[in-house]
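Each of the next two complexes has chain A plus one more chain, namely chain B in the first and chain C in the second.
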Partner chain A sequence: MAERNGTRDGNGSVTGSFKVKAGLAQMLKGGVIMDVVTPEHARIAQDAGACAVMALERVPADIRKEGGVARMSDPDLIKSIMAAVTIPVMAKCRIGHFVEAQILEALGVDYIDESEVLTPADEENHIDKHPFKVPFVCGCRDLGEALRRIGEGAAMIRTKGEAGTGNVVEAVRHMRTTRSWCTRRSRSGLRSRCSRTARSSAACRSSTSRPAASRHLPTRR
Partner chain B sequence: MQGAFEEHVRALEGAGARTRLVRTREDLDGLDGIVLPGGESTTMTMLMERVGLLEPVREAIRDGLATLATCAGMIVLAREITDGMAEQKGLGLLDIGVRRNGYGRQLQSFESPVQIDGIAGEDGKDGKEGKDGLDFPGVFIRSPLVERTGDVKVMAIHDGHPVAVRQGRIVALCFHPELTSDLRLHREFVRMASSR
Partner chain C sequence: MMQLGVDGVFVGSGIFKAEDPLKRAKAIVAATTYFDKPDVLAEVSAGLGKAMHGLEIPAIPKDELLAARGW
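Moving on, here comes the complex of A and B:
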């Protein structure tokens, strides 16, 4: 486990710092992150130009349909997807389920989505994400939620939306709300460091999540 | 096309340059220099090919367009790519061999100071001198590993491998100066681009 802002090794390098975590999010801008459930899907996504894949056991629409408890994906499945592609691989863990997050970190995934799509493990608290070396992305409905997640250590922010319904208006509403609060904050001259972070992270995710519709692959959220 | 172009725009404008996002062939007209940003090299080359930019960009750079390539941009430029996708097409202009994600996955991404030839600690202008004057803050994110260098000038080495190379008017870096507030490399690039 890393310290709050990365671990220093012998030759002066630091791993797991916030800069490196948010940096990967910055590299994903303008790209599409595709939900995949098999290594074959992952390869199709990569061949189609996806900039990352989200390794899942079931896509959100199926999770909704089937009900029951939705948990982290099978580690074997995640490993096989990681072996299938060269682009970054993300995986979801339940909200507040830090042990699932530790497992995902040990597997070596490139990003963890602490996701409301899965059944929450803790209704009070999210994971304390600072001690992890792997970066986290979290959902938000407005700037307040975004800032709480960033405060807990999230390196990328996405909108929540209503996953798996096909109804994108929720995601659009959350994006509009978050961005308008950011604009209002910056106009009123309260340009705190936090709101800047939120703005750039939220901006990032807006560009990555929007064009995710595809006929061949399950769509994102 | 895809990646951290916004950060480069900010850095270049901070270095006094005017910028334009290159998305079509026409955008290339009248440029003094071009930046190939970080991102996913597979995505970028695919998009460039699809919109018909791969060839025009290759020609422009071959004809001496000043070029700054970071991370994925370096892979796009490299002559040999290992661990890429089968049939990953690049520009093949820079005489180096790179291994994609050669330093490992995100968990192995790191920050480390880098000493760069020709970039001295002369950034006194806005008082932001690097911590010990000479070092440049290197941010490496799923960075490519340079395994072979041909006819290029190595500007910086980290852990025995080149991390910054120059070939004519091309500068390619494994790390991301655009993610830092240190504008020395971007200033140097603007200087190079405007002195033609």
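Moving on, here comes the complex of A and C:
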């Protein structure tokens, strides 16, 4: 099951499985991922020791200031940033905008952020992330939201915070809430292996009772 | 955030909206690595220039809050 949605090539190796997707998230542990809007920014971020960059047209503070609809960045910009650095490049697509995600995958980005910073394209459905070979990161405010995203195939979870404010108070609230829900679960007698990583959260997911979600669960053998 | 239990940090506007992005970016990387060493944090927090201006969250109209998007 760990190979779910992966593709087996002639040599029997699997690409794009959940294990591989979460594996990249594990490789970024302990690091900083920086929003950049130009190739020069990307090089500064890389020189400063960023473990990855997020290629954007506008940083969240400007998106907030300018208003209007915020969309996926111009593919040319993303390509120029990918050409400028050797570290992984992430890019954002709108919530529920699976075609933007398909485009980003075709461009060869290393991670897709299905992000609330951009204007949502679908208020009901997030992207079904399992069929993609590229991994997704999604935001959450609590454990329930994190697990819904993992059920849809997200391989990394971040707290949402309130982007573009320079104010950490919401990120702290979301982290505290998520952690306390994890603790509550483990105290309630369910054996919870929930932790910060998507992989172990996915394991935690298996003890939830929503059948629609557990269908997508990668199980540990 | 690292002490609260995260595995890593996303930084949005904070770096390139600051006065000296390279210096601030390096400081954030060092602070993430040495999150449990206050003496190192004191060292890397010094002399970074102006930070991004920032916003009080209660001052933002409810319908402009980004975190409420998605469910």
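Just so we're on the same page, the second predicted complex is superposed on the first by the 187 of 221 C-alpha atoms of A that agree within 3 Å, B and C clash if a C-alpha of one lies under 4 Å from a C-alpha of the other, contacts with A are read in each partner's own complex, and residues count from 1 in each chain.
Quick note on the criterion: a residue touches a chain if its C-beta (ideal position, glycine included) is under 8 Å from a C-beta of that chain, and two chains touch if they have at least 3 such contacts.
Note that the coordinates shown come from a computational prediction; the quantities given were computed from them, not determined experimentally.
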Inset, instruction - With everything superposed onto chain A, say whether chain B and chain C fit together or clash. - result: fit
Inset, instruction - Could you figure out whether chain B or chain C reaches more residues of chain A? - result: C
Inset, instruction - Could you say whether A:54 touches chain B, chain C, both of them, or neither, answering first, second, both or neither? - result: second
Inset, instruction - Figure out whether A:116 sits in contact with chain B (first) or chain C (second), or with both, or with neither. - result: second
Inset, instruction - Check the residue A:81 against both partner chains and state whether it touches chain B (first), chain C (second), both, or neither. - result: neither
Legend entry - Partner chain in contact with A:146 - chain B first, chain C second, else both or neither: neither
Inset, instruction - In the overlay, answer first, second, both or neither for which of chain B and chain C A:17 touches. - result: first
Inset, instruction - In the overlay, answer first, second, both or neither for which of chain B and chain C A:28 touches. - result: both
Legend entry - Overlay on shared chain A, then closest C-alpha pair between chain B and chain C (Å): 7
Inset, instruction - Check chain A for residues that touch chain B in one structure and chain C in the other, and list them. - result: 28-31, 47, 49-51
Inset, instruction - Please name which positions on chain A make contact with chain C in the complex. - result: 28-37, 41, 44-45, 47-51, 54, 59-62, 64, 95, 116-117, 120, 126, 138-139, 141, 145, 148, 158-172, 174-176, 179, 196-197
Inset, instruction - Please give the residue numbers of chain C that touch chain A in the complex, ascending. - result: 1, 4-17, 21-22, 25-26, 28-30, 32-33, 51-57, 60, 64-71
Inset, instruction - Report the residues of chain B in contact with chain A in the complex, numbered from low to high. - result: 1-7, 38-40, 42-43, 46-47, 71-72, 83-85, 100-101, 105-113, 139-142, 159, 176, 179
Inset, instruction - Enumerate the contact residues on chain A facing chain B in the complex. - result: 6, 11-17, 19-20, 23-24, 26-31, 46-47, 49-52, 86-88, 105, 108-111, 133-135
